[in-house]
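Letters A, B, C, D, E and F name the chains as they come in the text, with residue numbers starting at 1 for each one.
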Amino acid sequence: MEKAEQRLITEDGRRVDGRGLDEMRPVKIEAGVLDRSDGSAYIEMGKTKIYAAVYGPKEAHPRHLAQPHKAILNCRYHMASFSVEGRKAPGMTRREIELSKVIRQALESVVILEEFPRSAIDIFIEVIQADAGTRTAGVTAASLALADAGIPILDLCPGIAVGKVEGRIVLDPSEEEDKKGEADMPVAMAPRLDSIVLLQLNGRLRSEEFREALLLAKKGINVLYELQRKALSKKFASFSPMDEE
Amino acid sequence: MYRIGTKPYPTKIMHDKLYELILRGERLDGRRPYDYRTIEIKTSIIEKTDGSALVNLGGTKIIAGVKTSLGQPYPDTPEQGNIVVNAELLPLASSFFEPGPPDEKAIELARVVDRCIRESKMLDLEKIVYIPGRTVLVVYIDVYVLDYDGNYFDPAVLASVAALATAKIPVYEVRDGEVVLSHEAKTSLPIRRFPVSVTIGLLGDKIIVDPTSLEESAIDTSIVLGWSQEDEVAAIQKNLQGLISFNVMDEIIRVSKEKANELRTRLMEAVGRVGIEP
Amino acid sequence: MEKAEQRLITEDGRRVDGRGLDEMRPVKIEAGVLDRSDGSAYIEMGKTKIYAAVYGPKEAHPRHLAQPHKAILNCRYHMASFSVEGRKAPGMTRREIELSKVIRQALESVVILEEFPRSAIDIFIEVIQADAGTRTAGVTAASLALADAGIPILDLCPGIAVGKVEGRIVLDPSEEEDKKGEADMPVAMAPRLDSIVLLQLNGRLRSEEFREALLLAKKGINVLYELQRKALSKKFASFSPMDEE
Amino acid sequence: MYRIGTKPYPTKIMHDKLYELILRGERLDGRRPYDYRTIEIKTSIIEKTDGSALVNLGGTKIIAGVKTSLGQPYPDTPEQGNIVVNAELLPLASSFFEPGPPDEKAIELARVVDRCIRESKMLDLEKIVYIPGRTVLVVYIDVYVLDYDGNYFDPAVLASVAALATAKIPVYEVRDGEVVLSHEAKTSLPIRRFPVSVTIGLLGDKIIVDPTSLEESAIDTSIVLGWSQEDEVAAIQKNLQGLISFNVMDEIIRVSKEKANELRTRLMEAVGRVGIEP
Amino acid sequence: MEKAEQRLITEDGRRVDGRGLDEMRPVKIEAGVLDRSDGSAYIEMGKTKIYAAVYGPKEAHPRHLAQPHKAILNCRYHMASFSVEGRKAPGMTRREIELSKVIRQALESVVILEEFPRSAIDIFIEVIQADAGTRTAGVTAASLALADAGIPILDLCPGIAVGKVEGRIVLDPSEEEDKKGEADMPVAMAPRLDSIVLLQLNGRLRSEEFREALLLAKKGINVLYELQRKALSKKFASFSPMDEE
Amino acid sequence: MYRIGTKPYPTKIMHDKLYELILRGERLDGRRPYDYRTIEIKTSIIEKTDGSALVNLGGTKIIAGVKTSLGQPYPDTPEQGNIVVNAELLPLASSFFEPGPPDEKAIELARVVDRCIRESKMLDLEKIVYIPGRTVLVVYIDVYVLDYDGNYFDPAVLASVAALATAKIPVYEVRDGEVVLSHEAKTSLPIRRFPVSVTIGLLGDKIIVDPTSLEESAIDTSIVLGWSQEDEVAAIQKNLQGLISFNVMDEIIRVSKEKANELRTRLMEAVGRVGIEP
């Protein structure tokens, strides 16, 4: 990770793809994109492309997993075989299992599970192209799908990664920056509550770099939060009065 | 005459309703019995694949991606490249699909797609052999059902064929007995035909084409026919329980052939070809 | 599949093993061959050798799979490791899973499942030698085992494959014909209802060839139907009056 | 003295009934305590194997098939061929057997059959090495229980040994450091001994041989003994829960040795040999 | 197994590690070594090191496995990846599955299962180093853990292997003796009942050798029985009066 | 302000009790909020490993073993040795752990341990390459949780690092393009740093270090921080559901850094080093 043969950041703070250090890739966020599910969303961040769908609340199955005082949340983060360079073998990798867990726990932090005792809510995140930042884009899409499904949540959970590349803290690292950089830190927040719901770090940061990175993440998260809310408005605006009857 | 014994009561009502409509040449969603739903085909949507396509058939949405790599041929076909088809019925597509390894339905889908492509001789597999018996191209086709409103066979075949037809693969050459990338330019796969499949539902002796999820729950049985070209059926799969009267097979062949030609025209427009290459 | 180095069919319409185009291999069908099961059958078609056994109706398990208004049918088509050239690894292949499904659906077409709500019927098909035509021989044996078990069925389901070899439609293709031929089409029917219960096609047929193939299949199916009924008579005739008390 | 604490009530009644019978030298099916049920051994029944056998022991029916291929020896036995035994308790054989990968009972059966063959030195594994440390014969033995009325161990060993003893394998030779098929003729495996196993059920201190499925549900415990030849026990497996009084072991050894000799005679007749090759 | 290049037993009946033929390796047995479980034990025999823990009686799960008139016993014998020469792949091998069965059946012979209808008792045996004799050391530790858990048993089940090495019957074979010797026979008993609960044999023994081996095993078993009882006394003696309140 | 909505009632009582105690600087087991439980580290306990350690952290007992073998490097790091970490939450350690393949918690533990070791650059992976792109050392670290009273991350990292730091591996050399064992002597792994992890529990804005199993059931959330050296955090994992107020992160960093230095001192004593090698 430490030796970058070619410079990833120019003298004047530009990145290989032309972005500034605190600039994220082009983003597209839509809600209500899949008809069968109770709620759904689609996100593109650069070439990262992800669908999320929510089913539920519904009866928990098998029964002995049901919780008497709250709903259980299931979450599967899965990558299509063709989503990566080369071809990922079908089946869940250890990485996908870990990410399913951290994303589920991020969302459990905001879903008001007590509203639905003995039931289950299923969240499916399907990465159809992976080009860095998939877990944070996944949690962004999944929380939007929860809102689209009308499930009560304390807040949406926009997420973004920050990285350290050639000694500089950058927002939303590209795949190349992630691979060659010194650190990659995915963060997701509940912005209204000013609270972190997902936090991981791969790579090394000094204390003050960590603080800088966290603040930069927050900046990106606020932008995504706005886009999520716009997507939601657009979705609900698209209902005609006849639908609402 | 038709039997509905195996349907629970509400399904029986739906079955009878559908049958009445068909007798009048109608269907629940306004289509006529032999109509397909609207079809959209978008290609080259996943940059990290060699070829990809997203197909919407009414409310059914399927994505197919093609990747290639060098590999060994199968022992019994040393002079042919390999095709490997995998299909998954993603749980986000329907509450009836479960997460986990492909179940019998997903395996059947993959194998029917494989059969349509392989038995139609769509690809000239002998043209993707670099060193006979040792190094050939392996073509992986991965099919994901993203949203499911009935009939995943036909859009899965459309998406797979569109992804193959628009794929750009690396150019390899043999140098000193080793297969190496020859230059940066890309080439196409050797395409010979454009197979399509047509899914037919039966209510007694009455035929409907491209059943929705609601119709699937009410029909007596269903059959998928893959057509390789003008007059050649290249794959058949009776894919549901139920009886097909021997006498209705002629009509099934006739209708599916006609619909196959419609689909093929639609497909070839989408991939930018108006005629099959010689 | 297309280039056959040596001729598989002679000028005068004889096949490599001496059969005519519309001739099936020697067949042996027996009912009631396994004591533990509720019904069983054994079939040989040439070197293809298959046992089938039926257990049930019995309580569906696990419970949540039970259907309130009918029985569920389970079916496993399985090949012994030594049944093929080379050695098949233990465990179910994708092919075995697909064939289990199409055979089950063929049999679901004739079993009167509504007679046994909340219960399950298990059908096990064990291929101990595979030499072409195993799925159709399997469905032939399995439907006989159902009858042997006394489970009410609309009809027996004899099945046979037809093939296209060097441009000619042939009955009951051998393994070599299947491999080198242009098409292989397994068909199973409920003859009394003149209906098809299983139909697949690998390979290419023109419309008129398809019609010819289907008629030829029907011819073979009628022969097998007769053999099934004889096997059943023989089985039930073998009970002495004392057994029937 | 015997304990039956762990048996449910109907099994306890059966247990007591059996025990009473045994005290009189009788059993439910008319056999005497040390009698085997009728044995039928048919060999060479699966043409696609190198060797095969079907054994009926009363109502228990087992088929074993032998296949061979070239492979690498295990690192710790570079100068020996390999034996691989697999066993499956097919669900068509009993309502107690489930479909799925081999469970603990099937694995135990495979490993006991393996032990009987391996530890008895039935095959001269050093004679099926073609290039030491690199290429040896791998002998696969696949055992399927088709119908199950108790005691799968003994017929599984009989079927496996009969299949091995009658197997015809290709002749290989080493040419220029490569192992090649030398000609069309076939040869036999290098057989040295004919192991058999004897399954013994215990009701307290009383012994029965070859328990049926009904008897298995009532006995206190059970033990399988593999005998390699005249006076050499080559494998033991206590295969059920329950206590075996230390003092009854002598009788178990004596009876099983006697029955093993009977079985071996029967087996050697079936495979067409009347004496062990030197 | 037959050709031992170097002698494993000297003229005067000494073994490679200096032991006499009827001498076992140094043994250490402790009860109550793991706090979370209901009962536990640790055993070392030479370099063989094993933990055993017992959970239960508790509700049987899934329910349909529960027995109306007795408890079910579950047993898992498992080896750590690093416990052997080389590295064992994670997951249960066929050998571990077989040994779990024979150990469970040994313990089922002494646990009074009728005392706990509808419940389950779980026994976990973890081999952290395997150097011969692991199944017998495992059953020794597991039966001690059962006693430590206060589960009613007819007797403890000490176990030990006997082997045949260069024609001589030896107690507690080392790994080298096991590999190069002619026979290995693990035995476990319920000494108070003078009964065998586990018996296996790999390798060949003549009738009189078998008898000699069984008697030698019994000798070793009696020593282990004493050590088990001491470990139990020590464990219960360590409770202060305040614990007992 | 803190929320406890997701806790069932008895847990809520425990949560409130804990929170009250923390406000007074106390905990249930007498510790103060930032105290670790007693730590014991024993190394070289499994002779068949290259390195091993048993760590007791209060009532949590974890064993780690290190084995090495020659293998191929990963394609994207041809000039580095490999680390493979596996962790199992053994069912003997807790009634909450199930037998079977590693579940999401065990996989997370393995991956966090891996990250602490890998991202801290603990091992100089370039020094265990024998033939670049072809033969490198593969270092397997297997972690087993034997007894579980909360916080398996920190003792798992301690045990793994202690096992690596005390490991004795074979000496290899390249001779005629082949990697061979050079002599009987053993060498150490190339250690550069001693990473440790610190697990922090949160009740609202209040921090506790090294939560017990009882505390884990009552806290709002939890976070694990891996520290590579004096002032470098090298891994973070928020490992439970729940909100972490943005403002408390500074305190989390400050406290975890301080505790990491304490643990590292303790660890280096245990492995017999008082300073990091240059």
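Everything below uses one rule, namely that a residue touches a chain if its C-beta (ideal position, glycine included) is under 8 Å from a C-beta of that chain, and two chains touch if they have at least 3 such contacts.
Not measured: the values here are computed from a predicted model.
Asks: Suppose chain centres are the mean of their C-alpha atoms. Which chain sits farthest from chain E?
Replies: B
Asks: Looking at E-F, D-E or B-C, which one is a repeat of the A-B interface (more than half the contact pairs shared)?
Replies: E-F
Asks: Need the most distant chain from chain D, centre defined as the mean of C-alpha atoms.
Replies: A
Asks: If you average the Cα atoms of chain B and of chain E to get two centres, how far apart are those centres in Å?
Replies: 58
Asks: Please report how many Å separate the Cα centroid of chain A from that of chain F, as a whole number.
Replies: Whole-Å distance between the two chain centres: 27.
Asks: Approximately how many whole Å separate the CA-defined centres of chain C and chain D?
Replies: 32
Asks: Which integer distance in Å separates the CA centroid of chain A from that of chain E?
Replies: Computed value for the inter-centroid distance: 51 Å.
Asks: Per the contact definition, I'd like the list of chain B residues that touch chain C in the complex.
Replies: 5-6, 8, 104-105, 107-108, 110-111, 115, 119-121, 221, 223, 228, 231-247, 249-250, 253-254, 257
Asks: So in the complex, the part of chain A that touches chain B is made up of which residues?
Replies: Interface residues on chain A, with respect to chain B: 34-37, 40, 47, 49, 51-53, 55, 58, 76, 78, 80-87, 90-91, 122, 124, 126, 128-131.
Asks: Report the residues of chain E in contact with chain D in the complex, numbered from low to high.
Replies: For chain E paired with chain D, touching residues are 68-70, 94-95, 97-98, 100-102, 104-106, 108-110, 112-114, 183, 185, 189-190, 193-207, 210-211, 214, 218.
Asks: What residues on chain B touch chain A, complex-wise?
Replies: 46-49, 52, 59, 61, 63, 65-67, 69, 86, 88, 90-95, 99, 101-102, 140, 142, 144, 146-149
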